[in-house]
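Presented sequentially are two complexes of subunit A, the first with subunit B as partner and the second with subunit C.
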Partner chain A sequence: MQPTRTQTEKRWLLWPPLAFFAIALGIPMAMLLVQSFDRGGGAFVEMFTMSSFTAALLRTLVMAAVVTVLTTLIGAVYGLAIWAAPRWFSGILLAWLMLSLWTSIVVRTVGWMLLEIPRGAIYWLLSSLGLVEEPIELYQTALAMYPAMVAVMLPFVVLPAMTAMSSIDREQLNAAVIFGAGPTLVLRSVILPALMPALISGGVLVFVMSLGFYVTPLLLGGPANLTVSGLINLQVNTLNRPDLGASMSLLLVAATVVIYLIADRLFKVSEKWG
Partner chain B sequence: MRTAASALGFYRAPILLVSLLAGLMLFVPFLVLVATSWTSGGLLLFPPQGFSLRWYETVLQDPRWMEPFALSLAVSAAATLLAVIFGTAGALAVLRLSPRSARVVRTLFIVPIALPPVAYAIGLYGVNLQLDALRSSFVTLILGEALIALPYVFVVVSAATGRLDPNLRKAAVTLGAGWPLILRRVELPLLIPNIVAGAVFGFSIVFDEVVLSVFLLPPGVQTLPLKMLSASTEAFSPALTAASTMVSLLALIVLALFAWLSRAGARRMRKVSTP
Partner chain C sequence: MHRTAAPGRNRNRSLLGLAGAAALAIAMAGCSTPAAEGETSGGEVVFADYGGPTNESRQIAYFDSFQDETGTRVVSASLQDAIMYSMLEGEEGDYDLIQVSSDSLIKYKENLAVLPDGVPRADTFPEEIQDYAVGGFLIGITQGWLTDTFPDGGPQDWADFFDTEKYPGKRAWPGAPGSYDASFELALLADGVAPEDLYPLDLDRAVAKLDSIRDDLVFYESYPEVQTLLSTGSASIAVSVTGQFTALMNQGLDVTVQWNEAFLSPNFFVIPESAENKEAAYELATWLADGERQAVFTERTFYGPANEATFDYLPEDVASKLPGGPGNDGSLYFDEQYRADYLEELTSSYTEWLAG
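Showing the complex of A and B:
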């Protein structure tokens, strides 16, 4: 009686979402495979001979790595600060975080554009302080992308870090302080062990999401700083090579999903989520 | 609070300073964006020239802004509905699986977060190319957005299914209730707050998502994020920042309202449950 009961339940609850995955994820991925073999499958070899692709691939990897390291470090500090700051200040930090989490990436990127354009807000600030005379050349450079990307990704590290910090046992902390642990020892042996799993899962997430970055590099990095995503768009919409676009897409999907699955296996990333 | 402060000792000041700078990185771009939308001039400039709300008026009366807004609302609502149905079913199914298969299914449901949107959009675009009928419809766009929103709904609902008391089910089974009845009368009511929260979260993700719209919209129409993206690369007018400000404020108001309502709801629940 009991097993059949669970069987029906499983059938009704599990199969519909699995069918949805097959349609919404399986079919598009199969289409990528079909498209990439459109011209006999040479696209997989051809893309690695294109300097524009290898350059974009390298640029994307470097960008994702740099953004991940910066975001994880700053996110850890931000999470620590929300925990350790006076109530009014942590309230402000939290409000800023929520504001950023709930406004769209396009809106946030446009905000950075207004800061970085040659006569934008940064120029206005520096020139009213008398520090620069000429309009600044920051917009559409590699340097222009990084702060915006870190800002976009920050909530994905800060939120798990905050959860981890709130689980630190105050008694343990008290005990450490009472027995004379200095700030370095407390940081190293109480706070860091609690924070580390959250930082790893946040960092993995930021890394895989950064590999697929499109909007922010497009608007702030400009055509000289194409990411793999930008190059895919170019292949499909401008250069009319859907087979190349599809094989680059497959590579990108495979890379992000494999990295995610490995990290999930090693660090149980998806279990940190709820 | 005192322990946290004293335990960090001399590290506390630099930590607060760095977090202040990071916080400014989150806040200042938004501030600049809002400020430029007040301008009475015709150019997108910082500092703004004078103060007026004329660009807000322009946006609200311009169908080229209002139609994308309406389309975004409709597409996001449809995609969120799908994500809520399948995400909730998935979260409930995971509860009934062996730990091993639960782990596999959970990983599968979270994978779309890692999916690079451009690559996924190209795949969906390929589906559109194969089936001509889909090209002038919103089917692939809505399915794709639903898949992107699903992990967020799943995560938020899963947080609540983990807290369900297994004895409730056992008691209901003993009393002779079939599983559809248990689902409807016992489990779903307890999950409602998280389902609603997941829906709000998923909706905001879909509403802001732009990449799928770039590839999948039928010709001649735009969603709001796509309209903003094209406005930021073509006509750099204060209408862009006025629209951005309004939609962000709307999101914040809806969320504040939602947070307030769910707190009130939680209070009422506590009152009901305490004898």
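Showing the complex of A and C:
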């Protein structure tokens, strides 16, 4: 807050982002709403009578929860490692993370596929070490799918975690050690309290974003891992039922908003971003 | 219903077609509307397809020469579902020729133009779609493998495909929701149903048969993954559109394609009744049915020709690799009417089986 600026000046600054969201979010949402009533609005009821939809919805929620827990745990460790490592090594860790963030998700998914298929790169490595002879049974299992999804989401936990860690005063750590705190106590009473808000806001972000996963679970986890997004694609592109696709999309958006609002009420997420 | 892939030849028809086209061209010259802008005399005709190499091959084999010869501009449009469906439902739109599937043709027949007598029909296509289908080709859906995989000869039919003792290894299988292709049909054939008794499909029986092999399947989301799965040896057999096997052959790999009990699926344009340039579209339809031009298209794409006459212009080694080609006997056709009527049931059954 700059005391020299007046309230009106600051409000004026809000207009460009508001206009942007009105166009980029408002119009598509309005069109979805119109489309979902294409056949009289029965789609909102119909989708809940489809066992493929209710199953996909449950599957998507479980999947997002698993990804969130795994990503938060691994992200915390990764963030701590970047913070604690010598400068050259934390540079490498960070570069890895950014490189994966900048690579298209489709490219990365195909990369995982080439690793994980029965006679892919992992098989090639293991067999040249003499460890396996038969093709490996990894591709299109849960074990093949979660690492890829966690890798996609990792930056969204690690980056806020790094920011939080950099705000810890090193003198505070020194003080804790001087007063006789062991590593566990330092972690529990100095590091975790600083890290926790970042992990929670990162976790909420990851959960919400994971609700939109489509290609990665379908390809690497197999068709048994069809998500709501995949089902929406099916309605629109194969079955010519844009009304069903639109109402499923609206439900997904609504679920996202509700989950975010609950998380915000519980954890004050929005105050922790920025 | 199903039948084998080689009905009799009919060359008189294409001659007749040329005459018809000439007559049309004269008629059109008489009443042509002033060209919108520039030198072309005969207006334009708009076709909508999915782009890519097929579109490119169409331009080279058919449209460039048509444009030069007739002065009618051929405009390529990237197919938009919304425009397609509204035209299929009888409304106005920008397209004159639209690439649709057989089930869409059957479903929306009353809003499609019946080809005039002068336009030659696609004589390798099932009878019930011949009066509407324009500029077509045949796609094969079947099993194929790297020849080395089974030195003593590979699976001969779908029953062999399900025999994982005799022919071990994973099978690459369509895994995108709704991509059931020939899945139900081939499961029933493997389970002992005779080709002529396939329809109406016994979905419960088909699904039970599919369940029996599920653990031996590796699923692909898009067709090109078939090439990766086969060439790495991750899958020993693949069920796929035959274009993927052709692509592997083009990379120098020795691939065996099993044409016995392969399903042939016609691919084509239709002319909606509401099209603006119907006369020009009929003229183009005749142009597309020419054997010599189809041979150019076929050699680029390795799709099966829509007209038997095309085989007269193809070298033996090309023809023998084509859906419906000489020696590739035992192919079957889908019952497109049934598949159109039961589109939603088939899609939801397959999606549920995939997700199960």
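Simple rule for what comes next: the second predicted complex is superposed on the first by the 239 of 274 C-alpha atoms of A that agree within 3 Å, B and C clash if a C-alpha of one lies under 4 Å from a C-alpha of the other, contacts with A are read in each partner's own complex, and residues count from 1 in each chain.
Going forward, a residue touches a chain if its C-beta (ideal position, glycine included) is under 8 Å from a C-beta of that chain, and two chains touch if they have at least 3 such contacts.
Everything quoted here is computed from the prediction, not taken from an experiment.
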Broader residue contact with subunit A after superposition on the shared chain, subunit B or subunit C: B
First, second, both or neither for A:Asp169, with subunit B first and subunit C second: neither
Subunit B versus subunit C as contact partner of A:Leu219, first or second or both or neither: both
Partner chain in contact with A:Leu114 - subunit B first, subunit C second, else both or neither: both
Touched partner set for A:Ile232, first subunit B, second subunit C, both or neither: first
Contacts of A:Gly245 with subunit B and subunit C, given as first, second, both or neither: first
Touched partner set for A:Pro135, first subunit B, second subunit C, both or neither: second
Touching both subunit C and subunit B, counted on subunit A across the two superposed complexes: 113-114, 119-120, 215, 219, 233
Touch list for subunit B against partner subunit A, complex: 1, 3-12, 15-16, 18-20, 22-23, 25-30, 32-33, 36, 44-47, 82, 85-87, 89-90, 92-93, 96-97, 103, 105-120, 122-127, 130, 143-144, 146-147, 150, 155-156, 158-159, 162, 179, 204, 207-208, 210-211, 214-215, 225, 228-229, 232-233, 240-241, 244, 247-248, 251-252, 255
Subunit C - residues contacting subunit A, complex: 81, 85, 170, 175-178, 218-219, 221, 225, 228-229, 232-235, 343-344, 347-348, 351-352, 354-356
Residue ranges of subunit A touching subunit B (in the complex, touch as defined): 5-6, 8-10, 12-14, 16-17, 20-21, 23-25, 27-29, 31-32, 34-35, 74, 77-78, 80-87, 89, 92-93, 96-100, 102-115, 119-121, 124, 147-148, 150-151, 154, 170, 173-174, 176-177, 181-184, 186-187, 190, 205, 208-209, 211-212, 214-215, 219, 229, 232-233, 236, 242, 245-246, 248-250, 252-253, 256-257, 259-261, 264, 270-271, 273-274
Parts of subunit A lying in touch with subunit C, wherever the complex brings them together: 50-52, 55-56, 59, 113-114, 117-120, 135, 139-140, 215, 218-219, 222-224, 226, 230-231, 233-234, 237-240
